[in-house]
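Take a look at this one; I'll ask things after.
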Amino acid sequence: MGSALDGGPRLPPDGVAETLLQFSVSGIVLGSMVALASLGLTLIWGIEGFPNIAQGDILTLAAYLTFTFSAGLGLPLGLAGVIAIGLTAVAVLAIYFLAFRPLKGAPLVTLFVASIGVALALRGVIGFVWGTELHNYPLTVSRDVSLGIVHINPVDLVVVLSATTLVAILYVFIYKTRIGTEMRAVADVPQLARVSGINSERVLQAAWLVAGAVTATAGVLLGAEIDVDPQLGWNLLLAMFAATTLGGVGSLPGAIIGAVVIGIAMDVSTVWISPTYKVAVAFLFLALVLLVRPRGLFAK
Amino acid sequence: MADYLVALLMFGAIYALLGLGLNLQWGHTGLVNLGFVAFFAVGAYTSALLTLRGAPLVVGPAVGLVVAGLVAYPIGRLSLRLTDDYLAIVSFGFAQVVQVLIINSDWTGGNNGLTGITRLFRPFDIEVRPYLQLGLVLVLVVIALFLLQRLTASPYGRLLRAIRDSIDAVDSLGKNSSNYRLATLMIGSALAGLAGGIYAHYIGYISPDQFDSTLSFFVFTGIVIGGSSHWGAAVGTLIFVSLMESTRFLGDFNILPVTDSQFAQVRLLLVGVILILLMQFRRQGLWPYRYRRRTSRGPHADG
Amino acid sequence: MLTVDALKKSFGGLNVVDGCSLNVERGEIVGLIGPNGAGKTTLFNLVVGGLTPDGGDVFLNRRRITGWPSHRVGASGLLRTFQIPQLFEDLSVIENLLVARPNQSGERFWNVWIRFPRIHAEEAANEDLAWSVLDFLSMTAVANDLASSLSGGQKKLLELGRALMAKPLLVLLDEPVAGVNPVLAEQIASRVRKLRADGYTFLIIEHNMEFIMGLADRLYVMANGRILREGSPADVRTDRAVLDAYLGVE
């Protein structure tokens, strides 16, 4: 499987330009998944004020649910994915009620530590229910399609298109609906939002639900590209944080751009260094951003 | 049975050292160091590599301590000018990078690790050795407790706790909080490095999977449970981490109808739930640090 | 003592602070007022180091402190309080005051291990001072209580006390009586007056008109990022442009 996270595309292209382009394509695939996950991260970070470490395990949960509904219950993959997204989003809302809402007003570090607890608990549940062996979606292996000088796998194409579609939906939601506007208000100027009568509790619930759904989508797509195991989402955390930091915390376009940049950087780097060091590339980007422009590209 | 207990205590004492180091960072200064285990690993590998190349045993852990402390410097400089969120993320990423580097380098033994590391108290009789080792670590724990207590009872310690409560307020008073936070990061990490060095020579072999990131979280939960007093952190970590690690063996007794691997997952779930509940109900842990009451002015008791 | 010279700051094309200048002389109580959104808080943060200005300068006793980080500003004698009190919640009330004292030998790492007598002596002296501040604030009874147990008004007082312990040249108060009942507000006002009589200097941002009008020697009125008017409370109170600015925003 021409997986974006493991080793890049299978076909060795010729020529430097083609190689770089090919890896850029796989980087975009990776980047689109990271982008969705980072959107979920930055959404909550912007509204609640803390980074939710459990993001990774939410990804994993969605992937496992997709696997169960498709391979286990025989549903078509698309339907399984949609169900998984719905269930995961609800689970995230439940987590909000159980773990985070009781901590309203607590220092942000406390919320952050609570999110660590959620991450571990979620991972434990996933590992207990599904075991630790690798699983895969029931995807038939298909041949790469040629797009000019680069090759792309149909699955990769679906991933990128799905991600783009979801981003478009999210854009409409955040900028064109009333609840989306209220969300932006709460994120930007909480005091003013409160004063103008916005029901911040309702907005928070909506935010968690949306963040859960977006992150879940990333998880569903991720499971199509990579073997599903309990560490699936956790391994992506560093890339997500690097992307969010690069883009600027709380900035939605920033998260997307940051994620695509990081994705491309991580994959293109495998031209020169071993794929196992991809995580180091993400870390390097994080370090660089913090050194040069800590607020990120599009910070509020 | 006695051997088992001594071994358990030995591990517990090493974990207690880790707990003391992380508690200085988190309980006293409010630093969230998610990559704590990386410094444990740095200390272990430094000590092992040095002694395998002929350095005397005493030098190993001492250098491990120094190297771990120094490695914390760039991490701190990078992230401490910003909010705590970033230290957590950077330290987290750092730990992942360290693990990747260890696994992929030949000179660290790669995935197989290093074996044949000089054991502690080698010239002594094999019967006596476990007790000597335990004695050594317990002495180190006591020394660390004493030194940390001295540090945190002083105005320096008070300033650290102020930083924990409000970085902005400390800065507004004209004191550079970043410097103190960096210092604490280095000291706590150095302590982890020392623990790593001792650990390597106790077990005799080290490999990357002994320094799993879950250990960071176990130690963290231990100090959160134990509270911010040094005793509390040491005891909390000792009991909690030992419990977590030793339940690996419970599977042998078939107490519960689950496999070893499932039990490991239940441990994770337990740790997670404990952390969430602690944050909601007892954020300060079982034995939080108690400040000293000041008597009213007049002839002074202790200043 | 404090001179702000044509300070500028924009966010995304909006000139939040658009060339503001003001002046505070020793022993004065100067107020900064203006409608919501005028840019007062931004101006405040530009002075105390939370934000870097895009243009202009800040001088403290003729020393250029423009763009200095907040800890350097604090160390130079410019102390500030916070609108939402930033106390050390898990420290006792008196410890909150003790932390504020600058140049403590006991806060130097190496001294902790060797300079016991000096540290003890300093601590004793600082404690004496802290007790007299607590006396001044009428808070001696709660000295050993956790700061988190204080009422909102007491927290504001403690913030003031903490600033005093830090040997200030100038104290910037950020909405000292926001959300405070009138009785306590008057207590704060009377204490500020007493301190001024002892030679302290204050710059106060405040919305509470009654409070600031009765306290300040001079006022700056800020609107839309600029200083609209400067003058005594009596002058400003009846100024046409000032009234327009306030009414216009509503």
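Should a chain be cited, it is by its letter among A, B and C, assigned in written order, with residues numbered from 1 in that chain.
By definition in this document, a contact is a pair of C-beta atoms (placed from the backbone, for glycine too) under 8 Å apart; a residue touches a chain by one contact, two chains touch by 3 or more.
These figures come from a predicted structure and were not determined experimentally.
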item	value
Pairwise touch network: line, ring, star, complete, or other	line
Distance-maximising chain from chain B - centres being C-alpha averages	C
Distance from chain C to chain B - Cα centre to Cα centre, in angstrom	40
Averaged-CA centre spacing for the pair chain B and chain A, given as whole angstrom	31
Inter-centroid spacing, chain C versus chain A (mean Cα positions, whole Å)	43
In the complex, chain A residues that touch chain B	50-51, 98-99, 102-103, 106, 108-114, 116-128, 131-132, 237-238, 241-242, 245, 274, 276-277, 279-280, 282-283, 286-287, 290-291, 294
Residues of chain C defined as touching chain B within the complex	48-49, 69-76, 79-80, 82, 86-92, 94-96, 98-100, 102, 104-109, 112-113, 119-121, 123-124, 127-128, 130-131, 140, 143-144, 162, 166
Chain B to chain C touching residues, read off their complex	150-151, 154-156, 158-159, 161-162, 164-166, 168-177, 183, 284, 291, 293-294, 296-297, 300, 302-303
Chain A-touching residues of chain B, taken from the complex the two chains share	30, 32, 34, 78-79, 81-82, 84-86, 88-90, 92-94, 96-97, 100-101, 103-104, 214, 217, 220, 224, 261-262, 264-276, 278-280, 283
